[in-house]
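Have a look at the structure below, then the notes.
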Amino acid sequence: MTGNIVGERFVLVSFGESHGKCVGCVIDGCPAGLELSESDVQKELDLRKPGQSIVASQRREEDRVEIMSGVFNGYTTGSPIMMLVLNADKDSRPYELLKNKPRPGHADLVALQKYGGFNDYRGGGRFSGRITVSYVMGGAVAKKLLSTLGIEIIAYSLEIGGVRASNFSVEMARENRYCNEVRAPEQKAAEEMKRKIVQARGEGDSLGGIVECVVLNCPAGLGEPVFDSLDSDLAKIALSIPAVKGIEFGSGFGAARMKGSENNDEYSIEGGKIVCKTNNSGGILGGISNGMPILFRVAFKPPASIAKRQQTVDLEKHEETEIIVPGRHDPTVVPRAVPVVEAVTALVLADHAIRSGFIPPVLGVRR
Amino acid sequence: MTGNIVGERFVLVSFGESHGKCVGCVIDGCPAGLELSESDVQKELDLRKPGQSIVASQRREEDRVEIMSGVFNGYTTGSPIMMLVLNADKDSRPYELLKNKPRPGHADLVALQKYGGFNDYRGGGRFSGRITVSYVMGGAVAKKLLSTLGIEIIAYSLEIGGVRASNFSVEMARENRYCNEVRAPEQKAAEEMKRKIVQARGEGDSLGGIVECVVLNCPAGLGEPVFDSLDSDLAKIALSIPAVKGIEFGSGFGAARMKGSENNDEYSIEGGKIVCKTNNSGGILGGISNGMPILFRVAFKPPASIAKRQQTVDLEKHEETEIIVPGRHDPTVVPRAVPVVEAVTALVLADHAIRSGFIPPVLGVRR
Amino acid sequence: MTGNIVGERFVLVSFGESHGKCVGCVIDGCPAGLELSESDVQKELDLRKPGQSIVASQRREEDRVEIMSGVFNGYTTGSPIMMLVLNADKDSRPYELLKNKPRPGHADLVALQKYGGFNDYRGGGRFSGRITVSYVMGGAVAKKLLSTLGIEIIAYSLEIGGVRASNFSVEMARENRYCNEVRAPEQKAAEEMKRKIVQARGEGDSLGGIVECVVLNCPAGLGEPVFDSLDSDLAKIALSIPAVKGIEFGSGFGAARMKGSENNDEYSIEGGKIVCKTNNSGGILGGISNGMPILFRVAFKPPASIAKRQQTVDLEKHEETEIIVPGRHDPTVVPRAVPVVEAVTALVLADHAIRSGFIPPVLGVRR
Amino acid sequence: MTGNIVGERFVLVSFGESHGKCVGCVIDGCPAGLELSESDVQKELDLRKPGQSIVASQRREEDRVEIMSGVFNGYTTGSPIMMLVLNADKDSRPYELLKNKPRPGHADLVALQKYGGFNDYRGGGRFSGRITVSYVMGGAVAKKLLSTLGIEIIAYSLEIGGVRASNFSVEMARENRYCNEVRAPEQKAAEEMKRKIVQARGEGDSLGGIVECVVLNCPAGLGEPVFDSLDSDLAKIALSIPAVKGIEFGSGFGAARMKGSENNDEYSIEGGKIVCKTNNSGGILGGISNGMPILFRVAFKPPASIAKRQQTVDLEKHEETEIIVPGRHDPTVVPRAVPVVEAVTALVLADHAIRSGFIPPVLGVRR
């Protein structure tokens, strides 16, 4: 397959550009009989849309979704679901200036090289965070589908600008993450993170961070080793989110410093069920979900577009020069990435739930 | 596709089990006209085979590769290349004991659940590190192919048991990694790592660690955003190596704590060529190689099979019990994982080099 | 992949329903740098649109295409190209009557069974010939791409209602096919075919026929045996056109009655080039184009929706009943299928031209 | 995917050459828990093996299958199943003569062009009918799987050298086809076909023919429109059998000459079940099985390798010359193609039965 299609049985096709007419997606493989409305998708889009807070880009987009196919009388039909939002508030003028001055840390230069200069450079084109609108749309359908199994996905900003949330439970995270602008799982860290972001923005700089994601009630048995392991597919899609530089499951990089006797999750029996006493595996063993909460962390770099003076090259004159990136940019992508991480997680889980037979090709029969 | 096939234009099909008749692979999509012999593959297999050192499993396997198809008169034909090694030194007796006592940290229990008890549990079956023999075989072909572009892949044990190599260059790593049993890039760390491993083995325990991988001379332009990004595909395949718990590119998780002004790689001109002054991106921007060295790190957990007493459950009696895992196991997989990481990297790069048109469907014309 | 996606490197994603909001497609994998405008697509759509003639459905659709992504400043960017047309003239009332009375020969009943009654039955939904709008859109892009290699595709109505065109050359076919309402390659057959169609329509009946397709200037070497053979992929996509019941290449079913000495195409040298003296192979040998014109025929059944009384069942009452299909329908699909056959042929050839390296990932460099 | 892999959830990977070491396959995606032994596969291979009759090639091959992975204790494990047969009786000497003289009607020349002369030309290499050994192996597993649903596949030689079987039922075909050397469904045609074959062989010539295939007890609902329709996938794989030039379903090319009122299959109720009164659709409507017998015909051209003098070119001298093809060849492939057609049909049906949820990922639980 080509690069803008992901999944095997629940497939997301992403299209659109940052400053083109629209951003959207096609979902192919969604079982017939899922109740689905635009508001199901809209509520997810609203969580990632910009212009809502001081900690995000000031670009203002309604991001009003329209479902164009695949839903009939309020239910999915089994046919491809096409959805899109139109781009409204785009200001492409700064990008004419940038055309010959690639932004350090951004894909400007490699895109130009790879596509022979034909790429739509306005707003970063396909390399903009804006394309994650299509991930969130698809993820909304996937979430709805997973809810039929009781699966719940909870992501939050674990760390921003070096401030790491601590002393919180997954219940607290569920409660709090969308009650603060930075999507932190606890209030104290939220305030500190926000302070850091405001400070960085004031300096014309940007901040990185970490999104943690927990999946509850995922049945054991999802994942198709050896290459379509659950962690393999989660890693692949996570790295498809712009600005992501790493992913780790369970004890992750920490496991590199642990002994087997420390890292192994011993088995016990609780309420008649076999469970693990710890969850260093992050709910995935041998590439297959084991029934414990799935747990992983995704590292985001600080946004490349900063207002500070940086060294770059003038492509026309082929000489070194400087740049101060104009335009409206996020001082950190982490808070807005929270619903995106949830969305891609849902996409992978829905795909595997269908592959493993947990979700049937048709959900019930129309009355 | 199903779970044992990976790649788009240079495809690896993996088959075989730890204690079955064989382990092997089919490579489909290899261009015709590549000079290839069994010794090209054998030399890579020799680097991962067990029984060679005190730091590895004592299972003794010749791992003698046989190329069964796809090569004619010393060159690839464009047809599928099937290769295999026979399993020789297998001792399946311990696994009869394990049948009803899943090893903590291993896939025993999830495999049993997912495959209804039909899975070949001997030696871990498909969940054994032994299946990476097929990765290394395929990787050997991929490396040969990449060498036509001058691409070189250098992996090494960056960290084992908390001991991290430092003060070394990529040239030192290239020189040293296969001159010490732990595949470290510098001698001092090598000795310390070995000491740690011997100690852990003595305690019946095991160690985790980190493999770092550098790719030199990779041209700019590999990777097919948004989902088949180069880092996406590297992450997917890295997580398909047993015991891997995380991957990070360039500044990786460290980027989460950096500012944009610190993390951005500024451009300059050196010898008439545009280069980055730093390489925090790890050679990949927007999912596309940018011509800088590709750099990533893979975290390995400590092997689950340890000689220490651990708590588990008896599946027949459905009660808690204890286990001391018998058999021959690696005290750490990191040294033997070094050629495996190189192999999977080669597989992904070969696939993308073909996709991006850097490698043609036929290499020259037979005289 | 799921069922609405076809191709490997030049991929068509089809979406939309007959009486939904729209029909459209995403093309992923189109090289950057192809000059493309809406009029390139429109002119192909205009050839298949209904309401133009007495021999076709009286549904009136503008079928005005809008390119929503993937084109910038008049050239493809290498990003996914989304295109759609809105459905305008839809009259869904007859389908409420049909809901419980499946039309013989149509997919009504199997669709209902497969999708649990959730399918959009209006106008046949995804089973309508209207979805070929998306094939034609994608085919228009493919044709443009193939024209860079000089490849030309010429389809025409070889036979309708038992009237078979004869005594014509491919040049005549190129000239004539779009100069008569039935898309025949010669005028005499055209008139006879039209007469047959008008007569059948008058009887409330419908006619089948055969579309023949010739591809000129296709280079030798397209096709990836054994499963992605050129004829395999052409056969697959041809059978994806509604109402198609068969396909044959070159001497086709006739070859079943020939001897090897009759059917083999002997080689000779003409103008210094090796050519075949005959073309019974239809330009494909061993699944690979051999440089001769590609030649195949596609059989279309008569449309299922007829005004004659037929026996069916009442699904609610579970009893036998009769039906006279209401609504506006084509008395034969053959003439309107001509551009559709060309489109799917172009899709397959573009895909294989990219796979085989005849078309590069980028067409030139932007000035 | 690359060219030697087919299927989505039940995948066949084919490898091997006519005169190389072996021919074989990997099946990936077979559910765990299917009872499978080498004799299940051997009995199918025995039906296609050469050297058994005057109507076939005199090459003598044991074609003894060995299952190398994926089966444990008599049941499939859910892991990839690798199977192979070694090539024994190969005489490659004639092919050195053929190296510079491409056989008319064979893939010799296009293969040479496509693979730059690196292809294994001995015995036709990958373009030999011998590669269908891998199809039959995979098909044997698929048949076993389909038998869990009661699905039965019955193919036979409908026509050879112009002699067409008539006046037979599917029960007669089931009974007779493997009781005569030509695999005809009735005795009278069998004798006439054999006479024709012996005569053609005597003349140094070869014959084409038609294999008809019927599938009984296939449930309604298999097929994933629009592109992975059941007929689309059957057509694709049928055209992947060497020497196939066409396929038609149900009334097929005959439908082109029928009226809608003749071709439509009217519905009635029989024994409480909705059935079609006729089966012109061939059991597939809208790309989906409708519960009627699936029925299609595959046209085979006469084998290209004949002992008659033919015109060809000398590739070294670049001049016209003549050839009398040496070696042992089939005077017609039709009888030996019968089990091959059954095999590929089984592969497609197994794939779709899994995709549509009719076959679960695990068949029961190991006791």
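Each chain carries a letter (A, B, C and D) given by its place in the written order, and its residues are counted from 1.
Heads up, the rule we're going with is that contacts are C-beta pairs under 8 Å (C-beta built on N, C-alpha and C of every residue); 3 or more make two chains touch, one makes a residue touch a chain.
Model, not experiment: these values are computed from the prediction.
A.B. asks: Provide the labels of all chains in contact with chain A and in contact with chain D.
C.D. replies: Of all the chains present, those in contact with both chain A and chain D are B, C.
A.B. asks: Measuring centre to centre, with centres taken as mean CA positions, what chain is farthest from chain B?
C.D. replies: C
A.B. asks: So if I superpose chain B on chain C by CA, what angle comes out, to the nearest 5°?
C.D. replies: 180
A.B. asks: Let me have the rounded angstrom distance from the C-alpha centre of chain B over to the C-alpha centre of chain C, please.
C.D. replies: Once rounded, the distance between the two centres reads 46 Å.
A.B. asks: Between chain A and chain B, what distance separates the C-alpha centroids? Give it in angstrom.
C.D. replies: 27
A.B. asks: Between chain A and chain C, tell me the centre distance in angstrom, where each centre is the average of that chain's C-alpha atoms.
C.D. replies: 38
A.B. asks: Using the touch rule from the top of the page, what residues of chain C touch 2 or more other chains?
C.D. replies: 1-5, 8-9, 14, 114, 126, 356, 361
A.B. asks: Quick one: in the complex, what on chain B touches chain A?
C.D. replies: The contact residues of chain B facing chain A are 1-6, 8, 12, 14, 102, 104-107, 109-111, 113-114, 126-127, 131, 159, 161-162, 200, 205-210, 220-221, 224-229, 231-240, 242, 245-253, 255-269, 274, 276-277, 280-282, 285-290, 299-306, 308, 310-313, 318-320, 356.
A.B. asks: Given the complex with chain B, which residues does chain D contribute to the contact?
C.D. replies: These residues of chain D touch chain B: 1-5, 7-11, 13-17, 20-22, 24, 26, 28-29, 32-33, 68-70, 72, 75-82, 84, 114-120, 122, 125-126, 361-366.
A.B. asks: Given the complex with chain C, which residues does chain B contribute to the contact?
C.D. replies: Those in contact with chain C are residues 8-9, 355-357, 360-361.
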